[in-house]
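The same chain A turns up in both complexes below, where it pairs with chain B and then with chain C.
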Partner chain A sequence: MSKQAFKVLGKPVPPPDSYEKVTGTAPYTFDMELPGMLYAKLVTSTEPHARIKSIDYSKALQVPGVRIVATGRDFPVRIGIYVGDRDMLAIEKALWVGHPVAAVVAESIKAAEKAIDLVEVEYDPLPPVFDVEEALKPDAPLLHPDIANYKISPAFKPVPGTNIANQFRMIKGEGEAGFDKADLVIEKTFKMPFLHHAYMETWNTIAHYKVTGDIEIWTSSQSPYAPRYLMAMSLGVPVGKIKMRIPYVGGGFGGKAGVLIEPLVAMLSKKAGYKPVKLVMSRAEQMRSMPVIAGYKAYAKIGFSKDGKIVAYKVRFLFDTGAFADYTVNVARTAGYACTGVYDMPNVYCESLAIYTNKVPTTAIRGFGYPENHWVLERLMDMAARELRMDPVKIRSINLLRPGDPTSTTGYGSPLRADAGDIQGVLKTSAELIEWDKEPEQPKEPWKIRAKGIAMSLKGPSQPPNAVDAAIVKFNEDASVDILVATGNYGQGTVNALRMIVAEAFDLPLDKVHITWMNSTEWMPYTWQTVGSRSTFTVGQALLRAVEDAKRQIFDIASAVLKVPADQLELADGKVYVKGEPWMSIPLTEIVNGYTFPNGQVLGGPIIGRGIHSPGILSYLDPDTGQALPINPETGHSEPGHATVFYTFGSTAVEVELDLLTGDIKVLKATQVYDIGRVINPLTAKGQAIGGLIMGMSRALYEELIFDDSGGVANPNFSFYYVARAKDIPDDIRIKFLETPQADGPFGARGFSENVMIAVIPAIANAIERATGVSITELPMTHERVWRAIKEQRPDLIEKALKAFQEWKNASQG
Partner chain B sequence: MAGRMITLRLNGQERRVEVEDNETLLYVLRYKLKEMSVKSACWKGECGLCTVLMDGKPVKSCMVLAVEADGSDIVTATGLVKDGELSPIQKAFVEHGALQCGFCTPAFVVAAHHFLQKNPNPTREQVKEFLSGLICRCTGYAQIIDAIMDAAKYYRGEQKASP
Partner chain C sequence: MSAPYFTLPEFKYVKPGSLEEALEILDEHGEEAKIMNGGIGVVAFLKERLMEAEYIVDIKGIPELKKIEYIPGKGLYVGATTTVNELIEFLEKSPEVREKYRALYEASTHLADAILRNRATIVGDILEGLPYMDAPGPALIFEAEMHAVSKSGERWVPVDGIVMGPMMTQLQPNEIVTEIIFKEPPEGARSGYVKFASRTEYGIVNVAALVAHPNDPGKRVVKIAYTGATALPYRAREAEELFKKPEPFGKLVEEAVKVIQDNVEVLEDPYASADFRKYLMGILTTQLLVKLARGEW
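For the complex of A and B:
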């Protein structure tokens, strides 16, 4: 690939909103107040599963300042993106400890807080179920007996009469029969716990239901259109009546995708007499009552030939969705269809179930099924390498998918496009960066061991086949450009990257391309959602088409003025030139609002370019076979259907230090390698790679929601739900991006901001297993769990370490 | 409940405000004095996002009663801006990409400012240890540490703040 000369791309450009953020002047929904605004608080269930007999809120209404109390009877509707199973306030039944059952609206937060304690709820307890395998039993208590009547997206298949919110199966080749050819078969069970996204700004929304029927919302959401549509669908409100406005957003990580509390707050506003109402979650409410991240149990079996080739793979994911599956059905489906990771496997059988239990509900998460399925597969690859006495890099290398080779296909049977990325190069670079062939230098303390581990990753956006996007570029009088996109800006750097793409395409200096902080359905054109690492790729393409559209309009005017055919014009340095005759030009400022002739007559008008992205090649996957439905020839596409518009390849390698006496794992070095097609902004690309690495490390080592006997979250706080702090991070972080451009990506770019947290998780466990033989299959790798695993699998190591420690102690005392 | 009047200097300006005995400094800063640069993500002393400088020392303002702040000097991230110019630590955060969603940034900025005033020759280890009372979920901290190590030169007086 020859180096193209770019003026803007590839330079480290801080996002322009950084200035507001470092001064604390950037307004988040959390900071906003409207005239006459009231405050809401939630009353939550104390029962894991119960019929609500009565709710007496007469005492709450006596608290000075309290305006109204609402219950599930006031708005008995269900909402959701894929499986519309969520209620706003419990409808008849409470489904977990923490389920909102009533809401108080008052003139002050203090009055609302006082009043919620005075709401008396009488429950009629039902038997609860907390475990996925218990929930699958025929006599298990049912959480959603009416699921057949819910609004379900056609890609999903709940099983009425059971707790199965979605069932996805995928069969490739001979499926399970493929194990007949295996020389080595490994069977293991894996687990991941429930997790919290831990975005710093908790969910909060202001809604103003107006007497006109218009609903104005300010909300801490990832993007405006999906929540607006879902809200309109569930409330039966015309979609155009809802104005969804998103100011600065304090983090999302998938946890602010889809619809949040907007419909609830809107209905509270209406009930409170058309007054604006604000609802802010405390951290405990966020973690006990609002959607978190699903845990799972997975039964996996993998077969290899003796030369290290994968011959068959079988995996069964049992995702615990909690009381509402809503978005998690797609996390589970994605974990299923992408279960083969970066490897070419001839025979696959996968089943992925999303199962209701009486626990806190779950939703989307950064990585969306890929950290989940890679935890299984990338661990199995290392276990096989050990059994076959092969190098973990080698066994990966010989099994990798081969982009462009039609016989090398993903689990659902689609071959990868030839320009999907340099998958072998990613693995090779990763091994080089961690100095794979060099033994780690062992620490002075003989009870500690240092080891290296590696893992690969692949990630594509899990979007519906009809997820489309639009973009607008409009010129200001000074020939500067405003970008209008509904892409959410919650720290990923995407919107700034889009600005750089437009500056490059128009050949304008960056300060001539403007973005704004306030996203809204009122002035930003449609984008499905800002999720899945998709926006640079999809909205970037829409923007490039908008630039082309604007250029056409500019050249039409310039062509008439310069009397030269439009195809002989080019745009550079803020001027329209005749190709090869640069002295013939018109400044853009004289065109962007129409060209005015000396006699005062005007030709043309304001230049506004529009462009779209339409995925085209995507189709639904059959829930029973996992195969993509055939493509309609009318779309102009002929190849087999795909599940994603791109895949990005990645690898993480780590050097860790394990304290055999405590089980404590410290990551000393980490490398991150991704083939992202084109580095648009190295500053923020690096930021994503580091941020994801540490989030993945935190998930690998520390994070877990713990449930008490009644299924309630026992650690809804940052003291007992520990997330990585500055002192935990490795000092040596090496990041490298490969740039194999994808033809349809903007300047070749692919998205990658979720991929960065996937491979680190298995890489850490792989390092531990390589050095000690201790196999860990359950997360998180807390020191207690690791120490117990060593004690169980290699007690000799602990004895040896203890002895070494005693000797060291004696020596240092002597 | 009878309120009582307290006086404090907020970002250089004297402010008088009526507070109740059980109100935290965080509550009073945000909801009475409208100082929205002070964020919060836990309201109970775990996340550190409500950190402000009180008489030159970093405090979690959710852990301080407003009455305890009577007569004190409070500085927030907004207060580090002089004549519309970012302070050196703020500039370093911008240049190093030491922020993403920005919700924790005001707290990290004031904490880092205090830290570098006390210790303009820090090691990375010292910076990491100092920052560990604050949570940033986006950045993974490395670029924050880079920014602080880089900004230290201004606090040592090796480089003038304004270009």
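For the complex of A and C:
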């Protein structure tokens, strides 16, 4: 279908929720109050690792308005999505400074905050471990000695008796032996820090455990079904008794996937006498006590032939998961199985460990292992280009995966689909947009240098192979359509894109397709989760099938009324037409609740369409080889198993200015190029590309959680955990989307909203490498870190810059 | 800013309508009463439980504490409750005054953010006493003094030395600062402010400097002050003295930087090492002084 053929797709449509958000009228969980509501507050550990000897809360109970105090003894169950290692309140041991050890429930937040200071916890300190390599030593203190008894998803493999929460290996070709053939071998160690998601709304939950056993929850989760199921499993309550409701959510970035604090608040509600209880996080609590983003150390080695082809690659990621690895095990696993990025490599050995330490726990994050593995690989590509005196665009181009080529691999042995996207085109377009062949104009201060850098990226959703989705479309009396999907709406624009897909498929104007702000397991059909840039692709397909299902019902009625076969009917402009005879039609309004004949008889009833998406081609990856398990022919699929339902290719190129005297890096220009199959909504697509650029820049240059000597987060606020602000955004951002349709994508579309931040981070460091020959391998690239790297690796550059600076200064004499 | 609380501890809030009334309350309650101006510091300190108060005395209802007046030859008077945005607006409407107090203007536009500047005050910023505030540097180079009033009298207190640490000042608990004067800069002076922030919203080195007649040793005046790099606002008086020597400006800048780096005791924290701060003080001071001298700032 050509672009011109669309009535809705490809047009800039503001998401309807924007209006409520910018006028401050959008209700979030934080804003909601229920009659008789009580307020909870957490007491947190002051010790990094300790046995809890006693908790005396008698004084807290004397504060007027305090109803109950709960401790880990009240609810000694563990929760989690992949490795069920999280407790709701510390069970016997405190595992980090900030670990919730007790909860106070009171009639007001004020009383609760007064009471938490009166809870006396006696600790028996244990030796803590803060560093991943220390944690791997045989005599390291163990955080989870009982891990063998935790609930573990089949894709994961903890190593009991160690601090390893998951171990994943991917081997291809001759593995490490492949380095024998290399003309050039580069070995480097890379680091990424712990980060905070920096969503504007913190984790907030209201739970009402009712006397009937029904549990009503309002929560700031990304989507409702996963937290509901995980909560039911850990608490042992029937899943259908839990009504998980999600109002507007202030951002997620992966940090609100899986299960949040819903089980704790529900149990507090029960213990407090079946009263609704609200628990909201301050920013400091969120950053010290709730899951953040894992940091890592990675040992990497890459081998090239002298003509620039990759011959072997080895990387070992040591992810620091903090005290709970829960969701992070899959971030680490994904970094492992997608370690080869966009490149074809004959010999690969990737290992990724998720390792416990006595620090704040971690969880999912936008990009999910890909910003992590690209920071290593895309940096190595530029180091190799420099050593081999090759152009960074060229060395990438000759190593890129070839879609459709059965010898190509995305790392795990499955062929890359032929319609995966124009990977060479993405690289070429990015280079063109930044004017790669044109030298940047140099600033007049000789101690400043401008240079261009480029990086590539790929990203697919990291979902379990059995993650399925459903969608429903139902008609209102005026033949407008309600979309029922459990897809979360926390700023990505996905639900609005789904609305556009339905309007296009039904040939209805946009204002005839309605979405709602409140998401709930009570009225939205199942969706696994809203994560991984997957929903436009998967739920979009489910919706198209729902539209087809509704159309069949509509045509059945119209066929009987117009007395023509259903296959000769078509739906357009809110009417059913006979093909080729447009004068023969019935308005949809006369069909959606059944057709009423002149005598009052009715034919048919309300039109409700349903559709699903079921990713039959996915299977688990063997944790020891990274290879997908063989496919069952019963599913109708025969090719080898895949790890993801799609991959999207991208590239970011930047022009940066480096001040050699201060280590200051300014991003002057940036490109964002992605082959997304089909641009559904150019407005929000552009928004994602800009947002991802800023988030990537922010992670490249500023963001880092800093730990004090006891492993507690020392900067749990946005004054000292700096996130890019308006003044940091480059003036010149060049965005282009390629549209190579993917056959099963809705109108050809694939997801891309995480990919947009991945290549940004290495592209900036690559520009610095090109400008100076200085290799930066640790994030963020702070002034001091950059200054020190230049001083160590190219002291001559600093001397030259200082000399130029002296000359400039002395020019004022006389 | 790491405490978990949403609520403030309990206190009695009073908002006197006159200076007399406010001084009366302070006299009566002594240490138990704390003055709140814009509230940026006080509310945060209360929320963090770093400050306790029986009474919070909001001075924003006292009419004479809000003023901006420039008296040629004497200086710029800024009322205690005048907000930073009000000062910025005044300076933007009076370009001549703005150029006289360029460093103050630049520091004001770097102070917190546009929304907080609707409440933040210059006097409050100085008296908060945290290392990385923006207003103290310009206050030092303009020889600013604060007018402190109590029931028993009034006095002008130099800003240099007024702060002894976070929430600690030379002021008495019964004194209220009514205004601050930024003294008339030397004839022909140019001034500027550099805030060098590195992954926090505060500067790791902030430099305020003033230069008059750089190439005329007889008339030459140079003033330099720092925040962010040091625990307390630091006026580099020894370095300033050097500029009285009859040597070329550029050479003196080099000597001054060395004197500063040799004498100053700088902070070290996770955001910047002491070495890097000292090194940056040299680079940023040189850039600012030379540009001011050349009229390129």
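Note that in this section the second predicted complex is superposed on the first by the 806 of 814 C-alpha atoms of A that agree within 3 Å, B and C clash if a C-alpha of one lies under 4 Å from a C-alpha of the other, contacts with A are read in each partner's own complex, and residues count from 1 in each chain.
The criterion applied here is as follows: a contact is a pair of C-beta atoms (placed from the backbone, for glycine too) under 8 Å apart; a residue touches a chain by one contact, two chains touch by 3 or more.
All values derive from a computational prediction rather than experimental measurement.
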- Message: Output check: A:Q601 vs chain B and chain C. Expected answer is one of first, second, both, neither. What do you get?
- Response: neither
- Does chain B (first) or chain C (second) touch A:N717, or do both, or does neither? both
- A:S18 contacts which: chain B (first), chain C (second), both, neither? first
- Message: By the touch definition at the top of the document, which applies to A:D31: first (chain B), second (chain C), both, or neither?
- Response: first
- Message: Once chain A of both complexes is superposed, is A:K41 in touch with chain B (first), chain C (second), both, or neither?
- Response: second
- Task: Name the contact category of A:W787: first (chain B only), second (chain C only), both, or neither.
- Result: second
- Who does A:T684 touch here: chain B (first), chain C (second), both, or neither? first
- Message: In the overlaid three-chain picture, which partner chain does A:M200 touch, first (chain B) or second (chain C), both, or neither?
- Response: first
- Item | First, second, both or neither for A:G250, with chain B first and chain C second | first
- Comparing the two partners chain B and chain C, which touches a greater set of residues in chain A: B
- Note on the structure: The shared contact residues of chain A with chain B and chain C are 109, 282, 717-719
- Task: Would you tell me which residues of chain A are touching chain C in their complex?
- Result: 41-42, 44, 109-110, 113, 116, 280, 282, 284-285, 288-289, 661-662, 701-704, 706, 713-720, 722, 780, 782-784, 787-788, 805, 808-814
- Query: Hey, which residues of chain A end up touching chain B in the complex?
  - Reply: 12, 14, 17-28, 30-31, 109, 197-202, 248-253, 282-283, 490-493, 683-684, 686-687, 690-695, 717-719, 723-727, 729, 731, 733
- Touching residues (chain side chain B, partner chain A) in the complex: 31, 36-39, 41-44, 46-47, 49, 76-78, 80-81, 86, 90, 93-95, 97, 99-106, 109, 124, 127-145
- Message: List the residues on chain C that touch chain A in their complex, please.
- Response: 1-7, 196-202, 214, 248-251, 253-254, 270-273, 276, 279-280, 283-284, 286, 290, 293-294
